[in-house]
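Here chain A shows up in two complexes: once beside chain B, once beside chain C.
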Partner chain A sequence: MTRYRCVPSLVWVQDAGRVLLVDQETLQAWTLEGAEAAAWDLLALGYPAERVVAMLALLLDVPAGQAASFLEGRLAAWLEVGMLQEGK
Partner chain B sequence: MFLVPVADRFLFYAPLDSLIVLIDRTAARQLRRYLDCRQPVTQGPLQEIVQALDPARELPLPRQGDFVPSFLGLLPTRGCNLACRYCGFAVGEEPQQRMSLELARDAVNWYLDTVQRAGGKHAEIHFFGGEPFYAPEVVDFAVHLGRTRAREAGLTVRFEVATNGVFDERRCRWIADNLDAVVLSLDGPPDVQALHRPYRDGRSSAEVVERTAEMLSEGPAALYLRACVTDATVERMPEIAAWFCERFRPAGVCFEPLQPPTPPARAPFEPPDPWAFGRAFVLAARILEAHGIEAVYAAADIHTRRTSFCPVGQDTAIVSPDGTISACYLLPRDWEMRGLDLRLGRIAGGQVHLDRAAVAAARALNVYNKPHCARCFCRWHCAGGCHVNHGPTGPNGAYDRLCIQTRLIALRNLLQALDQEPLFDAWLQDPSAVKRAILQPSDRLLDVEV
Partner chain C sequence: MANLVISAICNRTCAYCFTRDHYEDNGGGAVFLDLDGFEARLDFLDRSGIDQARLIGGEPTLHPDFPLLVERARARGKTVIVFSNGLMPEPALACLEALPGDACSVLVNVNAPEDMGASTFQQLCATLRRLGQKATPGLNIYRVDLELAFLLNLVGETGCRPVIRLGLAHPCLSGSNRFVRPHQYVAIGRRIVHFARRAAGAGIRVEFDCGFVPCMFSPPDLEALRALGASAAWKCNPILDIDLEGRAIYCFPLSRLGYLPLTPQANAEKLRRSFEARVQPYRRAGVFVECSTCPLKRSGECPGGCLSATVRRFRHTPFCVTISDQELQGEHLGHSLH
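== the complex of A and B ==
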């Protein structure tokens, strides 16, 4: 199983239901909304991936497999843009 | 229209006309004559009073029509990590059920659909307990679902929680960032908190709750401190208020007198003396107000006109972990002791079943059906108070604890609105005058001896 961690220079804040993220080194910024914001928030709160998938399935009203695909897709995207890095 | 004697004058109060006037005995007699037999008022200032009285004023009405909850209350669990020595919820004695995420989903979806169908623009979701963050997954899920679904429905949504503040810093930051209002139970400085609100193992919760209050003071969520007042702490209310002002930045402070336990039990604390509570509240309120902090004692809020004091009668939907929808967040055991059944329906298997007769019965629990309130000047503010914890059944003037403290504080609020705080203080120094006003059996203008 791949493990992810935030890049050390990433900070974020919740605002009006969105998550605003800034990489303090590169000054890149991102905004997450809706289910994507929920996924980020639940992971940041420390829920294990399977619980996040269960909650996303209920939130999106989709089967667990589809919620898992959604989460995997988001993690891959966040890794690609530099919000996450692979690590212990 | 009401008349309350204050020292050698009378406070004339027409709450539905928002009219508060301090008059002398002669004017009071003239007003009585006018109202009793329509004898014309010729004196200038009295004419202004009479003209301000609107014969076609609209009375506040109980809820009618379709059931559209004023807010959705979720009880994630009745469990709690504290063992407050006055707590009537008696948690810890038996395993506490936690709300399933499926039930939370069904409750949120039903509520938002109902608001949207009714053409509403705003939704309110409140979390009560036990301690809601003893089942944090329910809160986390419901907030994200509520936010997502509200956006889809074109609604704004506000989240509020009543909490004991016992959680870690990460949770505290999350609350500050994600919720709109936090009602934090904190009874006072460390010795008071240790006395009232220990952990189950007896340790004090003071340190962690103070840290929570400090962090929430810095965040965007509106912080309301809720202090339960017992016979052991009533005289310390001004000191508690000053300590709150010094340490934290709340939007408001709510002092709640301890309610007698139901069923009666041997408890280490008693409810405070209502006279002492009323006097101490006024002193504490002045300290808070000097710091720009709202002092909350809801029953004496003279800016509100209502027919039901609490969620009951206001079409509130409180969903318990077992799926019961009720009008009240207290334990069914407590309602039943008063001969009440406040269940409104049930959510099960994704279906919501509302009992229309039960909704009608809850709506009927309003001040129009509380004859002992009919002649009280606080009628439209207190509306008879909590249906479960406050149930005087005697004749007019058979005031109980809640009535006495409410009348005392409301009278201060009315005089404050007239910039007459010095008069209130002088009046308070005369015990017989205070009792004459507060224990006056009827405040109706035509009933008061002038």
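== the complex of A and C ==
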């Protein structure tokens, strides 16, 4: 089991078709678009992973397993660049 | 360009005041800049190659040594620019009145007469009369229904410079001041164009302060503004305000974005570059959701409006998500979906 939480110094805004993120401490910036932006929005709304995967599957019109893989890949990538941290 | 804060106090209480965050965070300190501090600020202007001493506050003319500060700035060959609310003590007014026209310019911040009160408004009018062509009235639009026509009479009756500087009341980062919202800009834009037409008919030109955006005007209205000679500019730059503690801030609304020390080596260009780097990540956005994809923003023609309003759009919503190995393999989800 892995628990991810967003970095406390991270702020973001939803723009037209994208999410713009800034780490207020490091001033690193990221732009998420398309399915990535949708996944971030759903997580930020507080949905559990299971619901996020279900909604991504509908949005992307793919099987649940593929949506789960997509989410897993994104979470790992966001963890690696510093948008997320592993939490307790 | 850099503004020097010489007074932390003001004799007006404008609801939209941009300095609110700064003075909330820095209360209890010095109220006025001392003479040594002022000389250090003039040194900073000299090494930055700036020939204007732009004095701000609070209300800068409340400084008890205001005439002396003006004298020191003039001795360094600076043009004195004063950002005032027009309610000046007599020694300060007399000092500015006595300066040659090319040595001084006073931007007098006006509020609607009904919001200022009759006697205060009359005092402001008297200041404009005495300063004549040295004075430019300015107004921050702090509500959508603000009637601007009184400004035309004000210019006509006081003989001040026939230019009106319009600003938008922008939010401090805390949002604790009164400000206009971006969704109100289009309605404000229509009023401004109507006003600019009337002003042009009276031989008065309209200038724009920072934070305006072209999309608050329709294309025909933009053409009309240009034809009327209105200096419609879309800008949001680190103006640099130097506070009483000797620190530079991007501008008052963004004071909570951080301070830079005014070291003996610091010059305006270096400070500006540091601030630009600091705000760059936020610059990808603008005051509207469409800004980040707007061609005018991408080309750099429009910065996306006031950066403080933009930064306020960024939020942090803490979230946490737990993934089990089973979930990640899609096994459990496969069952729940079908």
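What we mean here is this: the second predicted complex is superposed on the first by the 88 of 88 C-alpha atoms of A that agree within 3 Å, B and C clash if a C-alpha of one lies under 4 Å from a C-alpha of the other, contacts with A are read in each partner's own complex, and residues count from 1 in each chain.
Basically, contacts are C-beta pairs under 8 Å (C-beta built on N, C-alpha and C of every residue); 3 or more make two chains touch, one makes a residue touch a chain.
What you see is a predicted model; the values in this text were computed from it and never measured.
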Touched partner set for A:6, first chain B, second chain C, both or neither: second
First, second, both or neither for A:35, with chain B first and chain C second: first
First, second, both or neither for A:55, with chain B first and chain C second: first
Partner with the higher number of touched chain A residues, chain C or chain B: C
Overlap of chain C and chain B interfaces on chain A (superposed complexes): 13-15, 17, 45-46, 54
Contact set on chain C toward chain A in their complex: 277-278, 280-282, 284-285, 289-293, 313-325, 327-330, 332-334, 336-337
Residues of chain A that touch chain C when the two form their complex: 1-6, 8-18, 20, 22, 27-29, 31, 43-46, 48-50, 52-54, 57, 63-69, 71-72, 75, 87
List of chain B residues in touch with chain A within their complex: 101-102, 105, 136-137, 140-141, 144-145, 147-148, 151, 170-171, 174, 177-178
Residues of chain A defined as touching chain B within the complex: 13-15, 17, 34-35, 37-38, 41-42, 45-47, 51, 54-55, 58-59
